[in-house]
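Common to both upcoming complexes is chain A, partnered first by chain B, then by chain C.
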Partner chain A sequence: MAPEALLSHLNRADGSATYTQNGYSIIGAVNGPLEVQRRDELPSEATVEVNVRPAIGVGSPKERHLETLLASTLRTIILTRHIPRTLVQITLQVRSLPSEHAICGVDASLSLLPHLIHTALLALLSSSMPLRTTVTAALVVLPAGRDAAPMLQPTARDVMLAKPIQSAHVFAFSGNGKVLLNESDGSFTYEEWEEACEMAEEVCCKEGGVGLSDAMQVDGGSENLERWLREVVRRKVEKEMRWKSGT
Partner chain B sequence: MPREAEISVNERTFIQQALQENIRLDGRAFDAFRPLKLNFGDEYGVADVELGKTRVIARISVEVTTPLPERKFDGIFQIVTEFSPMASPAFEVGRPTDAEVILSRILEKAIRRSNALDTESLCIIAGLKCFALRADVHIIDHDGGLIDASCIAVMAALQHFRRPDVVVEGEKAIVLSEREREPIPLSILHQPLCVTFSYYEEGEIFLVDATLAEEQVRQAEIIVTMNRHGEVCQIAKYGGATVDPLALLNCTNIALQKVQDMSRFIQHKLDEDAKKRDVGGLMAELSAENAR
Partner chain C sequence: MATATTILLPGDQIPPESLPKPTNAKKPLTLGPGLRHIPPNTITATIAGALATDNKKNAAWIEYNSGRYTPQPHDLIIATVHASAAETFTCTLTPHTPPALLPHLAFEGATRKTRPILPPGSLVYARVSPSPSSTTSGYSLGAGGAPIELTCVDPSTGKSDGLGPLKGGMVFPISLGMSRRLLAGKKGGVIVLEGLAKKVGFEVAVGRNGVLWVDGGNVKTTLLVGRAVQEVDEKGMGEKEQLWVVERGLRGL
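Presenting the complex of A and B:
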């Protein structure tokens, strides 16, 4: 299932996006560049502030942890040195989670992380913030048991049915195929980690191994996130250039 | 965090002058609401309200806890409003603005203390177990009229929500999942809704559902909460210029009409949603609700 994206639908924020995939629905908003508070001001670059707000309740240490991960990842893709002494404020509001989210056996913050990254990127694109590159992320889940196949971007329901889970990994790749973020949970060998990394790279980046990507096509189970992102941006530009193309 | 940009002097005089000539910026009548939209999510208890450019999402959730020792027969009901920078960069997380404090206080009085929800029905075993209901109000977009929109969202979400059924055997209570037994609606005693009046020119001009620009120009506001039967739950006026008591009576009359319209609209949307969920007309058979 390709994620659904709705860009620039909020009136107040500078950039906004709603992202929906597999029962996860997140609203993201970006404000910036803004005036920064004295204590957060950096002389040579912009401050990136991320707020993650859960669907139910107020933020907990779990959200703070996600915020630090997101802030450090997004700081690498925003051209913060072009807008020094300003603030880029990113707010991510979780709207709904699949009902199996909390009980699927994978750490709840880990399975949410790729969706948050995508939402933040879409909101940044919508706000026309200067970016160095794009970022795409994927979750890979390795169920316990010798013959169990690793699951790429599984739904919460699939993960719940595949219990017990041995390890889960989140990888984020930049537009040029470099790893920007890796979070892993559970016990795994280096070989397993490498395999998971390759699988995630396959779905995140445009061209992995040629043979492998053909095999994926046959499976029909996954699509390319980079291609999806390009499609989203194409539609955004088309919409913005309506005034020109209409004449 | 930057402060909310204050409205410029030119804009201020423009709005005031237009109001004197009986014109509002968006061409509405003085006692007209902006177009109201209400959507329910796939889950129970999520209401997405759009009032013009203002957008509020209310979400109801439930868990089982022990009741408060001084209120053994009551369940717990809590309304949580926290502004996020999404609605406006002036809202900082963890530092409530005045607007946020007033909003949560008004909602508290309008919905919780007017006994809109029968908390006794949330009790499972007296003194031991009860449901704790929680309403989270998320402000997604802010263009004035937050109180009215939040109140509509919370009331609609409460009416849409279904709580899981429980079976009590002596001291033991079993919460039945959605698959085992159809969840049951909350018992709602009445539906209070808020109507905010902004007034200008020493109480000469009253506006219903002001936008953010109009809110910044106004002298003060009066919040009237009432249900569709015309019972006033609260009239709140936080400071500002004095207002004629007779004008207040006029406000309650207008509010009644607005509240009746909105109640009808919410009910219509609820019926529509129920029809959508009721595939094959099985809902009546699945329901575990007792006739009152």
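Presenting the complex of A and C:
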């Protein structure tokens, strides 16, 4: 199922997005460029601050870990040198998780990470922050057992049914097909990792494989993330340009 | 104006055939907001939006309507006075950004003896002055260390040209795209103000920082005008729909 995206719906933030897929729903807001605190100020680039808020309760070391991963990934795609000595503040509030999220056998922060990355990217696009490129991410889960096929962007329910899980991988790719982030958990061989990486690359950035992804849409319901992103942007532009084209 | 819109994501390269075809071959290509030149001759987008080109000016930029206002030299803005220092007023253009400075003497007819007194919270219609220290990169005005400076006079004539403190009236937040449309004149396609002005008298000032100031003399007119512009903004209305807004608004008076 393609993710649903709603852009620029919070009117106080500079950019905002709500992202929903497979029971994961996250609200993202971006503010910036803002005035930066003296101790965080970098003389030649912008400071990127990421706040992750869980669905229930206050943040824990798990959220801090996700924030570190997100901040370093997003710093590479934001043109921080265009806006030196400023602050880009990204807040991600998890709104709801699928009920199987905690018990599906994959590390909870790992299965959440791709969704957080997509939300942050959409909010950044909505805030018109200068970006070097885009980023898309995918989760690949390898169930235990020789004949089990690797699962690409599975729902939490599918993962729970496929237990036991041998390893889980998250890959994030930039718009030009470079790996920006890889987090892996579990035991796996290099060949398995490479296969997972190729699968993720396929869904994240292969734009040429139209025939393939069409076939996948029919039977698997999976689809190309880059194409999805373009569709989201097209809708945003359409809304903004409505006065020019219509009546 | 291009007929088919090219939609770009950050990092997309602009194909050479979508760049403007200059009518005057000597004119260098100008890149506006949202585009980045990577030497030797790659041009990529940095924000998501539709590519717009102008063949006459040999310029290309990306149309977008979201995000925070970044001050550019010569922009007309509506600033809020925050405090008064010895020589300058410190003003805010957008929340949580470093304050902009408005010298006491940058008003029409101001001298060392007679300087304007503006209490905190008052509004000023001003222009962003081209600061000598600002670099060519559009993003780094004010970020390079020197604060943004504002002025309410034309430095060559010493006249205010309509700039100065705004008294009375009310402020309405509008989108940055709407403020650009309002300032673009006919190209912006906003006719709601002209339509309303046929029946009621009012005064407006548009700031590029997404602020609309309206003074209609009484509360009813002020709200009518401000709300009409906000509605046109939110719904992205074309000219026909605006006429309808005008008609409905005037009926309510």
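What we mean here is this: the second predicted complex is superposed on the first by the 231 of 247 C-alpha atoms of A that agree within 3 Å, B and C clash if a C-alpha of one lies under 4 Å from a C-alpha of the other, contacts with A are read in each partner's own complex, and residues count from 1 in each chain.
The rule is simple: a residue touches a chain if its C-beta (ideal position, glycine included) is under 8 Å from a C-beta of that chain, and two chains touch if they have at least 3 such contacts.
The structure displayed is predicted, hence computed values, not measured ones.
In the superposition on chain A, A:T86 contacts chain C only, with no contact to chain B. Once the two complexes are overlaid on the shared chain, A:T133 sits against chain C while remaining clear of chain B. Touched residues of chain A, counted separately for chain B and chain C, are more numerous for C.
Within the superposed three-chain model, A:L10 lies in touch with chain B and out of touch with chain C [touch as defined at top].
By the document's definition of touching, of the two partners only chain C reaches A:L125; chain B does not. Contact with chain C, but none with chain B, is seen for A:E240 once the two complexes are overlaid on the shared chain.
When the two complexes are overlaid on their common chain A, residue A:P61 makes contact with neither chain B nor chain C.
By the document's definition of touching, of the two partners only chain C reaches A:N176; chain B does not. Touch criterion met: A:P33 reaches chain C, while chain B stays clear of it. Chain A residues 31, 34-35 lie at the interface with chain B in one structure and with chain C in the other. Chain C meets chain A in the complex at residues 5, 7, 9-12, 34, 36, 46-50, 63-68, 70, 96-98, 137, 139-140, 143-145, 177, 181, 189, 232, 235-241. Here chain A touches chain C in the complex through residues 7-8, 14-15, 31-35, 77, 79, 82-86, 125-134, 174-176, 229-230, 233-234, 236-237, 239-247, going by the rule given at the top. Against chain B, in their complex, chain A makes its touches with residues 10-13, 16, 27, 29, 31, 34-35, 37, 51, 53, 55-59, 89, 91, 93, 95-96, 99. Across the complex, chain B meets chain A through its residues 1-2, 41-43, 46, 53, 55, 57, 59, 61, 80, 82, 84-89, 93, 134, 136, 138, 140-143.
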